[in-house]
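For reference, the structures are reproduced in the following blocks.
Presented sequentially are two complexes of subunit A, the first with subunit B as partner and the second with subunit C.
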Partner chain A sequence: MDHAAAPAVTLTLPQLGWIPALPLLAFTLLLFFGRRLGRFSPWVAVAALAGALGITLSLAGTVFHGHRVAVSWAWLSADAPVWSIGLSVDGLSWLMLFVVTSIGTMIALYSMGYMHGDPRLSRFFAYLSLFCASMLLLVLADHFLLLYVGWELVGLCSYLLISFWFEKPEAAAAGRKAFITTRIGDTGLLLGILLLFWTAHELHFSQLDAVRAHLSPGLLTLISVLIFLGAAGKSAQIPLHVWLPDAMEGPTPVSALIHAATMVAAGVYLVARTLPLFTPESLQIVLTIGLLTHLFAGTVALTQTDIKRILAYSTLSQLGLMMVALGLGAAPLAMFHLGTHAFFKALLFLGAGSVIHAAHAQELGQLGGLRKTMPWTAALFFIAAVSMSGLFPLSGFWSKDAILLAARHDHPWLLWVLLGGAAMTTAYIFRVYLRCFEGTAKDHHGATPHAHESPMIMVLPMAMLGLGAIGAGLAGSPWLHHPLFRLLGETHVHEGVDVPILAWSTVAAALGLGLAWVVGVQQRYLLPPALRPLGSQLYRLAANKYYVDELYDRFLIRPFLDLARGLAGFDQRVIDGAVNGAGRVGWGLGELKAWFDQAVVDQLVNGLARTVRGAGATLRWIQTGIVQQYLFVVVMAVVVLSALLRR
Partner chain B sequence: MALTALLACPLVGMLLILALPKTAVKAIRSVALLATGAALLGSLQLLAFFQPGRTQVQFQEKLSWIPQLNIFYTVGVDGISLPMVLLTALLSFLACIASTSITERQKEYYALYLLLEVGMLGTFLALDLFLFYVFWEVVLVPMYLMIGIWGGGRREYSAFKFFVYTLAGSLAMLLAILALYLRTRSFDMVHLAAMGHTLDLGFQQLLFVAFFLGFAIKVPVFPFHTWLPDAHVDAPTPGSVLLAGVLLKMGGYGFFRIAYPIFPEGAQWFGGTMALLGMINIVYGAFVAMAQTDFKRLVAYSSVSHMGFVLLGLAGLTAEGWNGAMFQMFSHGVITGAMFLLVGVLYDRAHTRNLEEFGGLGVRVPVYAAFLIFFSLASLGLPGLSGFVAEFLALIGAYGRWTWQTTVSVLGVVVAAAYMLKVIRQVLLGPLNTRWAALPDMTGREVISLAPLLLVVLALGVYPLLLLQIQDTALQQVIAHVLGQPWQR
Partner chain C sequence: MPVQSLLLLSHALFCLGIYGILTRRHAIGLLLSIELILNAAALNFVLFSRAFGHVQAQAFALFIIALAACEAVVGLAIIIRLSRTAKTVFADHVDLLKG
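== the complex of A and B ==
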């Protein structure tokens, strides 16, 4: 693994704080004055994001020179250095900053058109701003704990935005599912942090190389696998992928920004950031999970009919590919693909949003022929699709081929598997393109379409992203001598275009295209009749997403709820029952004592009282109050006593 | 005299209320608000003059009370008690604002309410074990009556259960206090702590367990927790707020102030059990909360879960763990206090607490929704809010010594997300249940009673040093003492 020498200079720059603070400010403004701002509220969010983008760009020179910019402050302890947290920018985080702020600005602009007329418009932009603030915090953090803060906050924003139209029960459920599923992964990250703290007493990212030298490989493997669990939750890798397709219930710009370009890529970023902690064993796990997700999601994407869900599975698949790159130990390649993917996938989602906005439908069966009415959207969707298919010389080609190259170098067999994945990618994305934009137009009832091109405010940001989908890859291409890899500290890069890989990936794409045309559009059977039952069975399996949701429901969620109910019953009956039982025993003892008091003690007391009373009554007749009688008694007594004493 | 003056605020208020005629409800309320407000200002003044770096007890007052038995009226604050005093004063004031839901026998109510505040403040201020015990028991009576008279549901049962259960715990504690006195002839907590290591182990173990019983029932620790849901559900809203916000903390505070410093070896011997019980509290409480359908009961069980972090952090015996445990006491007091206020707001309008009967209120009552979402997120430990800091510190502090217990406890964090989001889902999201189509949003007074809590939760979450630097010195000193190491900064 090649890690470049430590950055030459670390500059302290308090202005760094403004990058997340600007969107945070926008959030606060929109939260409290959103209603008053009315339709101006989107501009607050856009301005804040553009400001953050401006600061990011102003840092470019410094970062491209290999310097690091940082600022830190005490947080959980006034004096323990391990608890002082801070923000820092190096090449890796600068790339993320650029992706988040540039795509964020574009998507915020697009949302102005998409969300136009929504009664909770300002709330939407408030959440969007909060998301960007959290995401930027996550990216800027130079401490595990601060990253975790941003990590959970983006999860929250994702929850809020997925359930943005919370009157829809599906949206409310999807938000909750996303939050809880990712939180399961986050416990892994949390445990990783705990373990790292107790073994290395260090949580700063800048010190990870030193940590690696100190810890045993076994411990490193354990820590890195725990961290990867968090990454897998956020980046929706198998087996924690189930939330992402459901997350499509959120507004489409949200799907583009959070669930395609940025937040879901945070897992990839985390692994890239903490790569020094990963051992060959844990990288093997990353590779396996990534590859499984890549293929699994690809097959599911081939069978879905909802365009947003197809794109969601496509995102899963591409994230899997990035994980594969990480598993090969090639963090810069993963980050490169992350960057290009952010552009073309955001564009694909915005295109899908444009279609949904215009046609009010998102089922493939209800769409078609939209190229005539929506030429811009069609062209841009096409560009993004070509880019994702990895066709020369668009962005996706450079990043995907770099991964293919690395795969061939490490495991030749992997190259062929990934080429298969690439063919699938082309097949499912062109299935969408061809069925949405080509063919005959139809609407819900098969009548004349009423679709129209989206307004300028939506098309313009899409066009900007289109430029990225075409040209962003050049930053990692040999034509420009790989400025991106130098930014990421990678010095050993392949010079020149590798022609065999280019040829093979073009063949794979062509194969996929053909498949999309023949099976996806013409709906012809390719399999020989003998294999058709098996084929349709496999198809059903993929179309039902391999029944993972059903399995989880049966074997995880229901037992979980049963356990909760069981424990509640146990609490009520056994523990509280014991308390009440003890209470009743005490009560019973009291009753017994009361009876004893009444039957025995009181009887004795009463008996005594009666004796006394009887004696009193007897004696009462003496006590007459007549002095003569008393004198008589006294005299008599004296007489009797003296008579007795005489003897 | 600052501390005696602080104690005098609610006491004088109570006497004034007793002197007022029963019908002068407005005057009674004003006096109560003034008295609790004055106590809040007094405690804030303490904060202003408190010197965080000093290891000694500050603002100390010592008067001979019963010289024959060596009993003193000793009060003072340090970094452990000051947060609790602040919490008590703050919640007492805000719950007093929220006491308008009490519509009968106001005179008795407010008099008892102020007596309750005297007891709570006194418990945290006392530095003499005898005095501590007196205040500890003073708290019991007004709370018993509050549940029994102004409560709902099975209030007599719940009040009685609360009273007898906690009294049983106090009894164990009283016996321990007497045994300790007979051995040392002292009730002075500072003095007792100083001679803690000289007590023989068997004696320490026995007395630690006795104190543990007293404190554990208050916290409450599994399996002594079942009085809590009943008491919470049937108590009036302000009662629930103080019960969860302050009374539970008295138990936790006892560990920091008495059980750990005076019986250091006993405490270390009991550490494994503490960690285990902390883990059970966290996970078990969370699971049982998940299954509840009554909003208030759910919050009550979430308290059981959250207080587990206090035990776990304590058992860790590290600076992080103790800071986390202490932070959790404060943070949980604020968050759960707010949650009960929010349950009260809803119940006052809907007259039901059954979560399944709500739905879609987010459209109808946006301000309420914002508050409920905020505090639910705080409760599930969202970073940026105070609960996260507390839980994180408690977990990381305990992890080294109690690895697997801590690992299991992390599960509670996931379940917490599940049940809090269930609340949000059932109350606020989904289609609006037409039954609540006319539900009014929060009033200005309700907002005022909740907004300060929101600010505290946010401020502590963003900049935890606000609280940490108050408590850190005192906590590190006690840990060093318990571990028998010379304390150094």
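== the complex of A and C ==
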């Protein structure tokens, strides 16, 4: 504990800026020269991410000694301190940095194999680099405004990458759905930030404790709930979860990086970062939402048949678990689970991608017996599945059991609920494993027999992630004296392995495994006949995802579209009618004026001209040009006048 | 010599001049007719000066003679220019002012 006692020092390191700048540079390069770089373009992205990983690792020593690393540039010099671009690294953001850069590098490597031959290869890696740059900016930001910039940028990248294969209408629709649904949460976050700035005039994360002392509890609750709304949108918590399963239309490496390991975890990171603002009431909301999502997504995952969708619901469920930990006020535990989850869930997705790449199928019914043809993928998927099930002593065990421990400490009943969730986790993930890799190869569709092991460039990153899935949890284990928790600033941690928890979670995992084998693979009924109608009803409910999409469609989207259609009708009939009517009146008036102009004014002018011309024509015969005739007229006039004037 | 008969003479001269100026086509003829009119006027002046005993009026007759000389000069100059530019000296061949 001597490290924690050491006074925290803030070091200024300008090279911090390179962490987001390197992927941004790669993005710029790929955007402008991607076509020329061709199949070398992936290496640009990989090199940038590896560089960012290198800088992150070089900071490790400083951060593990409890110091902060920070750098800031002036942005707007209005009312000073708020308006600067400030990056800072403490334990919390270092952990996220490490997760993003290491998993990002691995997934970029993997994508080289997975996306091989795609016509928009360089565009894919450009988006991937932009995503990493934005995510790193989000993590490094030391105040809300910069975080929000990164927050929106990752949302944009998520949209771009989900609808990467926009030729598929489902992918385009999924991208739109993700963007719009997360926008709802983002609006909440923006409102929260504005409210915080309006009331406290402070957006720096380092000042949140002071802000908490300054604001009234009611205001704090409002602000924190708004911030949590943003987090719930990004982390796909109920009721904003609907976009994540659809987001699986994107390329699988994207699902692994954005929709499993990093971006969806940004919500958890945000809550962990702003935890000082959360009052007991808002923590209660976080806990409730997290728990609901955990159980809801777990039950849905049990019934789905598309492997990527199962993994998506599993991600939802695990994010719910992290939210539960946050709701208990234990940010380090949530961040610990975030880290381990990133490794094993990315590995699961990459395994699924490897299966899809090899077998060109992602329905459980079309897969089977792949372990013989794809031994590496099978082994790594198995490791990740075991890790997620929380079996001793893999990564998932340490993080999940830490949360169970905290739950038992605060609310004993919660322990049992979470153990039920853990059993479900094991059941659905082993249902996938057993039906994909074990059993006999399916021969219809001709898909599975042609399967082959994925190329080295895909297996190697998976193996690296496998090491993480096995060993990452040790960083938070009592065996190494919890270096991770010290990093995150947690001083009092449970020393030693808690044996009852270990026993119970193993029992839960075994129960889930048995359930997966008996119900998921052998398809046997466990319920007594009397309860079967109820059971099948519940099953149908879960298989249809509790009809949430249909509810949204019925009560939000359809009325909204009806309203829009009604307004469009109003626009066409009333407003267009008025405009057209005004136009028609003007047109008629114009016609009238034109008629008056032609009939009256023109006739007057023409008549005058005609009169003048006629007079001229009749008078011109007088002008003969012969002088003597003029003179004759003069003489005659004199004669006549003198005769008339005679007195 | 009675005034009356002289007055008749001057009127006859004047009417001859008017007739000439209205009927002659040749430009020189026109000038000659104008001379007749002018001389009719001069004769009138002289005649009335004798009749009423105004000697001053006879000065006007001298003025008219001088005026007639000037008029003849200008008129002849016009006729020469006319014959050079329009190649004619007949008044009714010149109708540039015809409307």
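Following the convention adopted for this analysis, the second predicted complex is superposed on the first by the 547 of 647 C-alpha atoms of A that agree within 3 Å, B and C clash if a C-alpha of one lies under 4 Å from a C-alpha of the other, contacts with A are read in each partner's own complex, and residues count from 1 in each chain.
Keep in mind that, in the parts below, a contact is a pair of C-beta atoms (placed from the backbone, for glycine too) under 8 Å apart; a residue touches a chain by one contact, two chains touch by 3 or more.
Computed from a predicted structure; not experimentally measured.
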item: Contacts of A:R565 with subunit B and subunit C, given as first, second, both or neither; value: first
item: Subunit B versus subunit C as contact partner of A:W43, first or second or both or neither; value: neither
item: First (subunit B), second (subunit C), both or neither touched by A:L194; value: first
item: Which of subunit B and subunit C A:W416 touches, first, second, both or neither; value: neither
item: First, second, both or neither for A:F64, with subunit B first and subunit C second; value: neither
item: Touching partner for A:V149 - first (subunit B), second (subunit C), both, neither; value: first
item: Chain touching more of subunit A, residue-wise (subunit B, subunit C); value: B
item: Which superposed partner A:Y546 touches (first subunit B, second subunit C, both, neither); value: neither
item: Subunit B versus subunit C as contact partner of A:F382, first or second or both or neither; value: neither
item: Residue ranges of subunit A in contact with subunit C within the complex; value: 619-628, 631-632, 635
item: Subunit A-touching residues of subunit B, taken from the complex the two chains share; value: 161, 164-165, 223, 225-227, 230, 284, 287-288, 290-292, 319-320, 323, 360, 362-363, 377, 382-384, 388-389, 392-393, 395-396, 399-400, 406-407, 410-411, 413-415, 417-418, 421-422, 425, 428-432, 463-465, 468-469, 472, 489
item: Subunit A residues within the subunit B interface of the complex; value: 74-80, 145, 148-153, 156, 159, 163, 166-167, 169, 172-173, 176, 179-180, 183-184, 187, 190-191, 193-195, 197-198, 561, 563-565, 567-568, 571, 575-576, 578-579, 583, 586
item: Complex contacts: residues of subunit C adjacent to subunit A; value: 18, 21-23, 91-92, 94-99
